[in-house]
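Common to both upcoming complexes is subunit A, partnered first by subunit B, then by subunit C.
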Partner chain A sequence: MSKDYAVIGKNVPKIDGREKATGAAKYAGDLKFPNMLFGKILTSPHAHAKILSIDTSEAEKLPGVKAVITHKDVPALKYGISPARWDENIFCIDKVRFVGDKVAAVACIDEETCYKALKLIKVEYEVLPAVLDALHAMDEGAPQVHDEYPRNINTEIHQNFGDLDKAMAEAHYIRKDYFVGQRTYQSPIEPHSAVSIWKDNKLTIYSSTQSPHYFQYYIAREFGLKMGDVRIIKPFVGGGFGGKLEPTGLEFAGSVLSKLTGRPVRTFYDRHEMFAHNRGRHKVYMELTTGVDKEGKILGVHANFVSDGGAYTSLGVATSYYAGGLLTLTYEFENYKFDMIRVYTNLPACGAQRGHGAPQPKYAFESHLDNIAKDLGIDPLEIRLRNARQPNTVTINDFGINSCELTACLEKAADISGWREKKGNLPKGRGIGIATGSFVSGAGYPIYRNDLPQSAAMIKVHEDGTAATLYTGAVDIGQGSDTALCQMAAEAMGYRYENMKIIAADTETTPHDFGAYSSRQTLMSGSACKQAGEEIKKQILDIASTIMSLPPDDLDCRLGIIFSKSRPTAKTITFEEAARRFFVLRGPLLGRGVYHVPRLGGTFKGAAVATSPAYSFCAQISEVQIDEETGEVDVCEVWDVHDCGQVINPMQLHGQVHGALYMGVGEAIWEEVLFDDQGKILNPNLGGYMLPTALDMPIVHSELVESYEPAGPWGVKEVGEGATNPTMGCFNNAIYDAMGVRIDSLPLTYEKVWRAMKEKREGKKEV
Partner chain B sequence: MSQVITDKHGIQHYMITINVNGDDYTRVVKANTLLVNVLRDELDLTGTKKGCELGDCGSCTILLENKPVDSCMILAIEADGKKITTIEGIAESSELDKVQEAFINNGAIQCGYCTPGMIISAKALLTRNPHPNEKEVREAIAGNLCRCTGFVNIVKAVLKVSEETNDKEVISNE
Partner chain C sequence: MYLPDFDYYAPDSLAETCEALERFGAKAKVLSGGTDIIAKMKSGLLSPGVLISLKKLEDLKKIDYVSGKGVVIGALSTHNDLVNSKILNDKYLSVSEAAHNMASNQIRNIGTVGGNLCNAVPSADLPPILIALGATIKLVGTKGERVMLLEDLFTGPMKTVIAENEILTEIVIPDQLSTGSNYIKFGLRRSGALAVVGIAVAVTVNGGTITEAKIAIGAAAPTPIRAREAEKFLQGKTISDDLLAEAGVIASGESKPISDIRGSAEYRRDLIRVLTRRALHKAINEGHV
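For the complex of A and B:
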């Protein structure tokens, strides 16, 4: 970042650091209102069953129970987040579709009464055969999860770019590989919570949300309310990672319970219920066929995927398009076929998890590419350099790439990890692997069709100029957008970060923004904040010119000091002085900004998904040590080199890389949601679903390459999700380098490594 | 043993007195009331978070008689007569504790939900071992899950406190 900047490019203290460090920060589950009730949802114990009857009479009689509701008390309108497939009801009407599906809810004076009341609701079920295996969901005669979707097909994609048959015919070498991913769950440490207050025809919800806008839109739609009568407020949010993007039963049921009782209702999931609500990563079955020339240059790729979507769509339509769409980013090839089917099963619904749709296909492709490199005798680094995406190119599926320093990322990762010295020279049991990643800097189109700008912002300068408040709909869920956006606003204003205040993510007081997903806010919300700041600066310099008797063009403002550009000795004045004068003479000093994405992408079906104004790139190298006795995978060190454009806050930026990488580490080796043969989750807790602890995390080196993205404010682009994408493939390639075994399913558990080594020893399987 | 009061439904309630952040609080609780719920619901000390209520995540870590424990794993009646420190009381004055400061300055906080428990565990470690090595830091916070940071900057922050603590200070604190 250029030294000319006064506020951006610097490690300013996190704007909410003190509140969070002292325990003062209030999350949705910490909020308390006078006369507040507690609400809980009764869920299905069966994976697939007809509801024959629901008897709530006993529950209603229990002292302390204030309301009991079922499908009869709520709108029957189906909702969802992907508008192409609205398929959920607030409560199931005629049947339940997974263990955890919503059946009824209660509002009570305390939590304990809720649990007692839930036990008193009698639901009579007729258990139906369930579809638990995605690969058999399409079979003739398989049970139907939704009547409207024959053969349980939720999303079907067939895309064809270039001439794959010709490319394969001309290829020097063709290889086909098959990989299987796994179900993972975001597992934010803060469980979902909401407080709903429906009073005097106005509905206010405090919720742990990644997008007040989508909550407002979908909740207003469900209840037939005007959007202006629904207010969504985001308190502090304890992590989202994609799982808090859509409204849940907590908001829908909580709203109705509040309306019926006339009291605020706090609804919440416990850890088990979070796993059941899910919306985590899809398990994808991935077949890849690639043709290359003699030098390993990729000529054509066929990706043929099936994914297990669970019982509802959630964001799964987009996930499916992302799964194949993003595969064209890191390596250049001109012929591509992408087939994908997302099926319904009687399991919890899957959605968008950090790296949306990309990490598992990337694991498969990076492992597949290493297989090809080995078959051709090419170094894994070299084959990636030969195919690496270059700047100012367009992918075969019509994504425009501006900045791209993938080659520099690969070279730098190789240098800092000692790749060239280590590759082939490590002792047995120790290996080094490489992989690349890329991600959008904000989705080019909103989730439901509309023409709203992506982001808007306002700044109001305090009357005496000693503070300025940024009003933004952008959503800080921990990634630090409140801090970065205040830095950007202050930079544009010529003001000090220390004097910035922020009001964010409240649909009534802040201007529109789509929220925290698809790594969009630094680029998109940042653009709006920059524009708002520039509007303030223009006005402040205009008033200053009358005070200083100098032309406004000759003035500038930096860190709150207004000075003459041409006359360094001229007397300066302060921002405060000018701002105060402005208010006295002209009224409130306000700045406004708005950001629209230019029209992006091609015209084929699904062309909108994975478009973005800019794409990030990264290379990862890891070194692992394998215990030959036990198969234990010890990841010793990881080097991540990111091309994320210019940097607003280096400390926060590297923190994003660490976190994205951490999620990749967990998914690579330990994390998997497991089910029994009845569709019940076997490990719905943080003891059984193993997030890596501080002891499991490898040494991480996060480095950057110089890059400037013309589509982003001050040259910025994505950083929050990209580092999740290469990790699983990177580790798999390192394991291969260490032991010569290829693990073709995730997670890369010790047991799988041990079995693969055993099979190799016994000569059963050759890769 | 705490005083027992039986209500009209025959349910027994217990009168307990706990010392929280230096002050005594007397409350009537049920036999199954968790300490974390007394702190959050009765005393409004919501800095102590609930992430799992199973002792897995460490978000509800407090100091009980100066030892870090998951307050969701302790019954309120077990804490009767005991001294408790929560995140709200970790700093001795209105200033921040050095651990809190180091967390802020080293990027150890993202969403902040694990932060109170993490700071308590780090504080407990540094009190008993002012100069831990990296492995000791990782062991001390292994019971506190963080989903945002990969622990990288948390470990860095704790080591930073150790670096900046001179031994004279340690002795005077003791």
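For the complex of A and C:
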């Protein structure tokens, strides 16, 4: 970032750092209201069963129980987050579709009574055969998860760009590989909670959400309320990673319980219930076929995927399009066929998780590309440099790329990791791998069709000018948007970060914004905040010109000091003086900003998904040490080089790289949600679901390359999700380099590495 | 996830504790650190009507060296007490290290040695190293007390010989002839992981010859086991790489592991082969580490 900026490009203290570090910050589950009740949801013990009867009479008699509700007490209108497939009910009506499906709920005077009441609800089930294997979900005669979706097909995509047959016919070499991903869960540190208050026809919900807007829209729709009568407030949120983007049973059941009892109701998930609610990463089965010329230049790709969607759609339609859509970003090729089927199964529903749809296909493609490089005798770095996307290009599926420094990322990663010295020269058991990634800087279109701007912002300068409040619908869930947006607003105003206040993510007091997903806020919300700040500055310079008797065009404001650009010795005045004068003469000093995305993308079916005003790019190199006898994988060091445009807050940026990489490390080696043969989760807790610990993290080097994105305010673009995308493929390639074995399913567990080495020794498997 | 109702007692003395256990019989459970039982009660796996807490039995929270007897570890010592004990660090660092590699710091701070043993989970980290060192335990009940080898405590997964009115009060690591001991836990991450397998060895080496070896393995069978064939094989032999490797093969053959979400039986058997060799190597060359 240029030195000319006073506030952006700097490591300012996080605006909520003190509150979080001292424990003063209140999350939804910490909130207390007078007369508040506690609510819990009763869930299904069966993966697939008919509901024959529900008897709530015993539960209702228990002292302390204030309400018991089932599907009879709530709207029957189906909801979802993908409008194409609204397939969920607040409570199951005729049957349950996974272990954890919602059946009833209670509101009680305390948490303990809730658990006792749930045990007293008697549900009679007729157990049905269940679909637990995605690859057999489409079989003739397989049980139907939803009657409306024959053969359990939830989403089917067939896209064809260029002339793949011709490309393959002309290819020097064609290779086909098959890889399998795994189910993972976001595991935010804060469990989902909501406090619902339905009073006098107005519904207010405090919720641990990534998007007050979508909650407001879908909750108003479900209950037939005007959006203006639904207020969603986001308190502090302890992480989302895609798992808190859609309203859950907590908000819907809590609202009805509040309406019936006339009291605030706090509903919440425990860790087990979070795993059951899920909406984590889809398990994708991936077949890739690629044709290349003699030099390893990619001529055409066929991606043929099946994914396990679980019992409901969630964001899975978008996930499915992303899975293939984003594969065209990092490498340039002109012929591409993408086939994808997302099936329903009787398992928890999958949704969007950091890197939405991209990381598993990227794992497959980066492993596949290394196989091709090996077959042709080309260095893995070299084959990537030969195919790397260049700036100002358009992908074959119509995504416009402005800035793109992928080549520079690859070169820098190679330099700082010592790739050229290490490759081929490391001792046995030690290996080095490379992979690339890319991600959208905000989805080009909202989740449900509408013409609202992506973001709007408002700034109100206090009457004496000693503070300014930024009002934004943008959602800080821990990633630091409140801090970055205040920096951007202050920069645009010519003001100081230290004097900024922020009110964010409250549908009643803050302007519209779609929320924290698809890595959109720095670019999109930032654009609106910048514009609002510029409007303040214009007004403050205008009033200053009358005070200073200088033309407004000659004035500027920086860090709260208004000065003449042409006369450095002219007397300056402060922002405070000018702001106060403004209020006295003209009333409140307000600035407004709004950001619309220009129309993006092609016209084919699904063309809207994965469009974005800008795309980040990155290269990752990792070095691993493999225990040749036990298969233990020790990731020693990772080098991540990002092209994320200009940087607003370097420390937060590198924090995002570390966090995204942490999740990638976990998904690469450890994490997998496992089920028994009845569809019950075997590891729904943080003892059994293996997140990496601090001790398991490699040494991380996060570096940047110089880049400027014309579509972003001050040249910014995405960083928060991109660093998750290359990691799994990067580690797999390093393991291959170390031991000559290719692990074709995630996670890359010690046992899988051990088995692959054993099979190689015994000559069972050719790689 | 909520605790079911239960009655709670915290007796002032060992005698009262045993009396309470006798009075409530099968419906009572002992509460020590609580890291296991509370989790099981919350998830509905256990619902004892009565919990009898040992927290007032201060005498059971100690680690002493008693001349002529050995290192005496009170059953209420926490894992971190083992980690930080100067006596253990000096004499049997292998025991401190086994405790250090368990669970997470929060659990090591509250979970107790007695709980870890009485819980009798096949993957528990402390039994193998204590068995390899020939540790004895003392059980006290209403009808008196008895002392036995730790390895005789276990009868199956989560099953022991402890009677309803008995509690485990102390563990004694007797003075050793052995010259080295070591425990290798193979977990799937570096903290907060259960052992996929855990191998403990204690060896007595005299001028290049193994005069005695004890090998105890966790997560290899329904209870912690001794690899007696491998021990016999090593006895009186001259140390060599091949010898230790062969002992690993024999120990692996003696194990009867199961397949579960942490690893297949086949993988576990091979890990036992490799890690037995490594543990022997370490104990022979580095002492009690």
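Rule of thumb we're sticking to: the second predicted complex is superposed on the first by the 767 of 767 C-alpha atoms of A that agree within 3 Å, B and C clash if a C-alpha of one lies under 4 Å from a C-alpha of the other, contacts with A are read in each partner's own complex, and residues count from 1 in each chain.
One rule holds in what follows: contacts are C-beta pairs under 8 Å (C-beta built on N, C-alpha and C of every residue); 3 or more make two chains touch, one makes a residue touch a chain.
Keep in mind that this is a model prediction, so the values were computed, not measured.
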In the overlay, work out which of subunit B or subunit C sits against more residues of subunit A.
-> B
Could you look at A:570 and tell me whether it touches subunit B, subunit C, both or neither (first, second, both, neither)?
-> neither
Which of subunit B and subunit C A:630 touches, first, second, both or neither | second
Pick one for A:270: touches subunit B only (first), subunit C only (second), both, or neither.
-> both
Which superposed partner A:674 touches (first subunit B, second subunit C, both, neither) | second
Using the superposition on chain A described above, determine whether A:115 touches subunit B (first), subunit C (second), both, or neither.
-> second
Counting only touches as set out at the top, which of subunit B and subunit C does A:695 meet: first, second, both, neither?
-> both
Touched partner set for A:750, first subunit B, second subunit C, both or neither | second
Which of the two partners, first being subunit B and second being subunit C, lies in contact with A:687: first, second, both, or neither?
-> both
Pick one for A:25: touches subunit B only (first), subunit C only (second), both, or neither.
-> first
Overlap of subunit B and subunit C contacts on subunit A, residues 270-271, 686-687, 693-695
Complex contacts: residues of subunit B adjacent to subunit A | 40, 44-54, 56-57, 59, 86-88, 91, 96, 100-101, 103-107, 109-116, 119, 137-139, 141-155
Contact footprint of subunit B on subunit A as seen in their complex = 11, 13-14, 16-27, 29-30, 32, 186-191, 236-239, 241, 270-271, 477-480, 651-652, 654-655, 658-659, 661-663, 665, 685-687, 691, 693-695, 697, 700
Residue ranges of subunit C touching subunit A (in the complex, touch as defined) | 1-2, 43, 104, 186, 188-194, 261, 263-264, 267, 270-271, 274-275
Which positions of subunit A touch subunit C when the two form their complex?
-> 111-112, 114-115, 270-272, 629-630, 632, 670, 674, 682-683, 686-688, 690, 692-696, 749-751, 754-755, 758
